[in-house]
Amino acid sequence: MRILVVNPNTSRRMTTEIAQAAREGARPDTEILCLSPEHGPETIEGHTDEAIAAYHAIDLVAGRRSGYDGYVIACYGDPAVAACRELVAAPVLGIAEASFHMACLIAHRWSVLTLLPRLEPILQDLLVRHGVERRCASVRAVSLGVAGAGEDHERTVELLTAEARRAIAEDGAEAILLGCAGLGPVAAPLGAALGVPVIESVSCAVGLIEALVGCGLSTSKASAFAAPEPKQLAGATPHLATAYGLGGGQS
Amino acid sequence: MRILVVNPNTSRRMTTEIAQAAREGARPDTEILCLSPEHGPETIEGHTDEAIAAYHAIDLVAGRRSGYDGYVIACYGDPAVAACRELVAAPVLGIAEASFHMACLIAHRWSVLTLLPRLEPILQDLLVRHGVERRCASVRAVSLGVAGAGEDHERTVELLTAEARRAIAEDGAEAILLGCAGLGPVAAPLGAALGVPVIESVSCAVGLIEALVGCGLSTSKASAFAAPEPKQLAGATPHLATAYGLGGGQS
Amino acid sequence: MRILVVNPNTSRRMTTEIAQAAREGARPDTEILCLSPEHGPETIEGHTDEAIAAYHAIDLVAGRRSGYDGYVIACYGDPAVAACRELVAAPVLGIAEASFHMACLIAHRWSVLTLLPRLEPILQDLLVRHGVERRCASVRAVSLGVAGAGEDHERTVELLTAEARRAIAEDGAEAILLGCAGLGPVAAPLGAALGVPVIESVSCAVGLIEALVGCGLSTSKASAFAAPEPKQLAGATPHLATAYGLGGGQS
Amino acid sequence: MRILVVNPNTSRRMTTEIAQAAREGARPDTEILCLSPEHGPETIEGHTDEAIAAYHAIDLVAGRRSGYDGYVIACYGDPAVAACRELVAAPVLGIAEASFHMACLIAHRWSVLTLLPRLEPILQDLLVRHGVERRCASVRAVSLGVAGAGEDHERTVELLTAEARRAIAEDGAEAILLGCAGLGPVAAPLGAALGVPVIESVSCAVGLIEALVGCGLSTSKASAFAAPEPKQLAGATPHLATAYGLGGGQS
Amino acid sequence: MRILVVNPNTSRRMTTEIAQAAREGARPDTEILCLSPEHGPETIEGHTDEAIAAYHAIDLVAGRRSGYDGYVIACYGDPAVAACRELVAAPVLGIAEASFHMACLIAHRWSVLTLLPRLEPILQDLLVRHGVERRCASVRAVSLGVAGAGEDHERTVELLTAEARRAIAEDGAEAILLGCAGLGPVAAPLGAALGVPVIESVSCAVGLIEALVGCGLSTSKASAFAAPEPKQLAGATPHLATAYGLGGGQS
Amino acid sequence: MRILVVNPNTSRRMTTEIAQAAREGARPDTEILCLSPEHGPETIEGHTDEAIAAYHAIDLVAGRRSGYDGYVIACYGDPAVAACRELVAAPVLGIAEASFHMACLIAHRWSVLTLLPRLEPILQDLLVRHGVERRCASVRAVSLGVAGAGEDHERTVELLTAEARRAIAEDGAEAILLGCAGLGPVAAPLGAALGVPVIESVSCAVGLIEALVGCGLSTSKASAFAAPEPKQLAGATPHLATAYGLGGGQS
């Protein structure tokens, strides 16, 4: 099985770490390819970052519509996921939704740890969209930028451990979701410290893609995720032009 | 990997069919053992059936608390799932919740087909409990008993196909969930007829167990699913007595 | 009027206390019979306890399907209630749902006090199932086992009073629901200390059965609570065999 | 026990019929007094009708703040209920909320029959406010004015029976709630025709008042329903002036 | 454009302050008339106050059914709004709903500051009725009576500022709604102190009326807000008699 | 007042029609500038279309961050709205959210008419995100492409009128929302045919911007919509580079 994991930001360090987390969750015979777009924000920490990153991630996926058994979008806001479902036949998962569903299978209530407080509203909307707001005990932020979190793992573990303990003690969390694609390296030390399941989202998404493929399931094309309607697309990249069935990437 | 699939009813035919569906969804190196209790109802079509079957399924699982990497309770009302999560360390999944989560990954809205209309309220409660009521386009019943559905597959396919078509056309369903453990044999013909994903629930649960194990995740023991409190258990079966840490199955 | 109150656990002390609470809420001309099964857990403090107790409570009710104007299941997780509604013609109430509905009639928002923290998730699910989650200001636990709570009433009152005061001051509770069948003896001292209504659940259920009977109402048999479908029931107890219309309790 | 049943409209025929329904639901030793205000709309079929009737009903109750063990506001929009809870110490119930709670005790899902379609939005808001919107299978109207419905019972039964049958067959209703205070006389023929429970709301409210009193419960005065704050009340009626602690009904 | 702003209480000071807030939010060419009923409570701080004030506000509006392009009911519980929608052709807005909708346009989550804690339940019901409960971070009260709040603006600003800071820091509020019609004078100092948008509700309602009129929109008369059904109205005021099409205000 | 209306697609005809609708809703002294990006899809009919159009709309707004009192994103899926709120100080509205809020002010329940059925899931998610799903009677599609709808207004009016009549008769809609930016030209004939309010969304957004500005309100920058975090943005357009505080549009 071949899974394309897309890191929608342009941080090489994060791409490497995401690839490692993906491989740790994958079966031995699953091949993981982890790519990031050439263009876009270095980290994704808000709506504008997300929208720009989504555009470039879609372009990346549009250029690789075949040859993969599944796609993972490795940003914990699930940008571009719905669009990519329209573009490819194989299943596409966001890592936030993947972690939500996995968490529901092993804990009655769970909390999401994110980095910057400004991301909490984005996560709250995601939780409602997926119907899991009653299963989520809390969303908590540690006021650490995405780039900074990756640079000093020790400090990151320390801050996340303290916040997770509050989620467990005060909010009733029975499991902790790591709400950022780049937190794979801290999952093990955090789990050792907490004594409750710590859910790393990239590996969840890989595992769920494998499960879908194993069951012979993929995205329904009946309505929400049907291929884009044919139309003019001014200034289209070559990949998008092809995906829309246009001749040469020009409208 | 070894997965114990428990058919909570006592129908041998269904146990055989469930085992086959489980194996079809499993990886080649996953070993499936499918068992059913010696006692209890032949089919599960209501609250009393469920409660009796749950008791016997719990007893069965209490006697096999080790040696498995995961457990599947193969009845589409998810009886005994929460209790079994208390009894074993490995993950435990119900097939209804498994199918709900898998469906959310591949379709915006989906419908559940059940057999008897009296099961609709049970499913509606389950959907709300799992927060997926807004993702469920409809629950539809075909007025066929569980035993009857298994005896005449051709007639069952015909009725389910007609009802599924109504769900797609009238309710906006983009995928169809088969809401009974014994419908594995009709999944393929139904899928061929409909043109939208048809989700067989036993294979979903097996795939999700494999995904959880692959990610190193299992039930949180922090609160809701902690081991039972030690206590007297009058008239306990030997397995339950052991699970409760009692000497000889008598209180 | 004759009401059968079933204590689903096997604690004689609790059966005695439940009977007393039931009688205090009943009209003078209502006859209360309070029984508990011979087998099952001494207290109910989790999903496995509940499932085992439900089985034995169902068997008890199956053996007394006539001769009563109503049934109360006196455990604050409402086990066996839906199943018993299938088995008898008279109304059946759980004490948790009874207390929820009564609370809604006299307070805008109210809190539930339970004993062990592990019971909070069970209560949260119950609240959602009954649609009263927005009316519930909080669920709070005092970290006391059911058996222990009954042995030292003074200590129990002290702990519950402190927790109830927090619910009133911090959560906006206008009434306090006692979330355990065995808390009848502490209702009066708690009410005296708090100055807001304290709702004892067993008496609520008895009062509501009387109200239903007075209005000529009982369980609808149209769908969710129709009598069990006829079927083989391997290893059935004599009462269950009869309830299922089977000859001799053997399938 | 003495219960004051207030018909907030000025139709004498309806007051008589409401009194009869109340007495049919009451215990033999409960004394029912049924009154209606001297002023206000003859029937209540919209928001303005409701607001005017509420004012006069509040004035009526303000003049009878003692001497009763409970109060019922007998209009199926529950006008004045919250205000009356502020004015008196004994419990106060609206007949709509009473019927909702009783219905939840005997049916998984139920439908409300109302008369004019314009009342559907009012009922939908009430259902949400009480958290029972998921238990309500449908609200259906028969396009009959309140006055007209009372004048030709035969025609009313015919229309309601047809609509109820649609609710049962198409919406999954397991019980039917009569959504108007004046439908007491049609409850019995409707029940005979339908084969599912038909819930008459005035008797429900009386039964629930009896249950509350039997359990020693009444409105919490902790917050939402505390007595009105003392203040000037220009043009107050004598009763309201007294209820507000003002000297002589003039501010 | 002419807008009638109704202060439903009888406080002249509040009428003056409400008129000023209304004019500050209005376009230069909008004419604001601010009136209050002759009768009713001096302030509105509970359900009874609201019901009495609603009656008198309805009577006031019934006497001015033409000559205005829109109506604002300036009490933060939105009394009489639905009734007035039945009585007039022009749009009618409550100030609470106006502030909820405006807040949703500029902040992801926001908090409402009210005065007395007993008003919190009323606001919570309003929030649910308008579907904005998930957008509301918290409702917080400062334990100040409405009359008192208006007499000592300095103290009021101090208390509201402290409470608003808690809402921002602890509840995640990104904007603050002033939950009382009489808080116009404190909006500016509060905004200066907080650094997040402070939403004054009377000006919001005026702005929204202007927007509706600008778009050519007014209340739908199709169902919920159709004119009252013709009927007898005993003791009707002259205005109400006319509004109901009755000859002389007597039934 | 100057408002920038952004048509995120590249259809010149739609830009012209959107500008006209915007001007019809605006005050005489409001200046409307209507622009569309040079690049992107000709119409927006799915997730990929939306994501591409969002990127180009954000770039357009990033280049015009000052000089406007408000911004309208004129596509009925509200793409780019949250991102643009981060980029500019003035208020930003999507036309879908604008129409939802306006509809809530004039009708109890309303229906949204869209063109292609594949857009229904997008609208359902939007309705839930804004908390108005209970106010929405239905979402109905007429199976007409966006381009086609603009080319044959007569046919479009005919199809929309028929579907709107079903929404009114079968779903209880009291007002009709036109769920596409390009439907301005059909609003008047539709309104004339239906007899209930027809809500054109572009004019709603303009009117609400005017109302916000009149009340001195704009987007809270406290959390969800704070300016983007400073960071590298590879391949940034000049406008985005400036908006992110980067030197020359290159990272």
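Worth a mention:
First chain written, first letter: the chains are A, B, C, D, E and F, and each begins at residue 1.
The rule is short, and it goes like this: contacts are C-beta pairs under 8 Å (C-beta built on N, C-alpha and C of every residue); 3 or more make two chains touch, one makes a residue touch a chain.
Please read these numbers as outputs of a predicted model, since none were measured by experiment.
The chain with its CA mean position farthest from that of chain F is C. For the pair chain A and chain C, the distance between C-alpha centroids works out to 44 Å. Chain centres here are Cα means. That of chain A falls 28 Å from that of chain F.
The centroid of the Cα atoms in chain A and the matching centroid in chain D are 52 Å apart.
In chain B, the residues that reach two or more other chains under the touch definition are 108-109, 117, 120-121, 128, 133-134, 172, 223-225. Taken pair by pair, the chains that touch are A-B, A-C, A-E, A-F, B-C, B-D, B-F, C-D, C-E, D-E, D-F, E-F. Only residues 117, 120-121, 124, 128, 133 of chain F touch chain B when the two sit together in their complex. By the touch criterion given at the top, residues 25-27, 91, 93, 97-98, 101-102, 104-110, 130-135, 168, 172-175, 195-197, 199-200, 203-204, 207-208, 210-212, 214-215, 217-220, 222-225 of chain F touch chain E in their complex. Against chain B, the residues of chain D that register as touching in their complex are 108-109, 134, 172.
Of all the residues in chain E, the ones that touch chain D in their complex are 10, 38-43, 45-52, 54-56, 58, 80, 82-83, 85-87, 116-118, 120-122, 125, 128-129, 145, 147, 223-226, 228-229, 231-236, 240, 243, 251.
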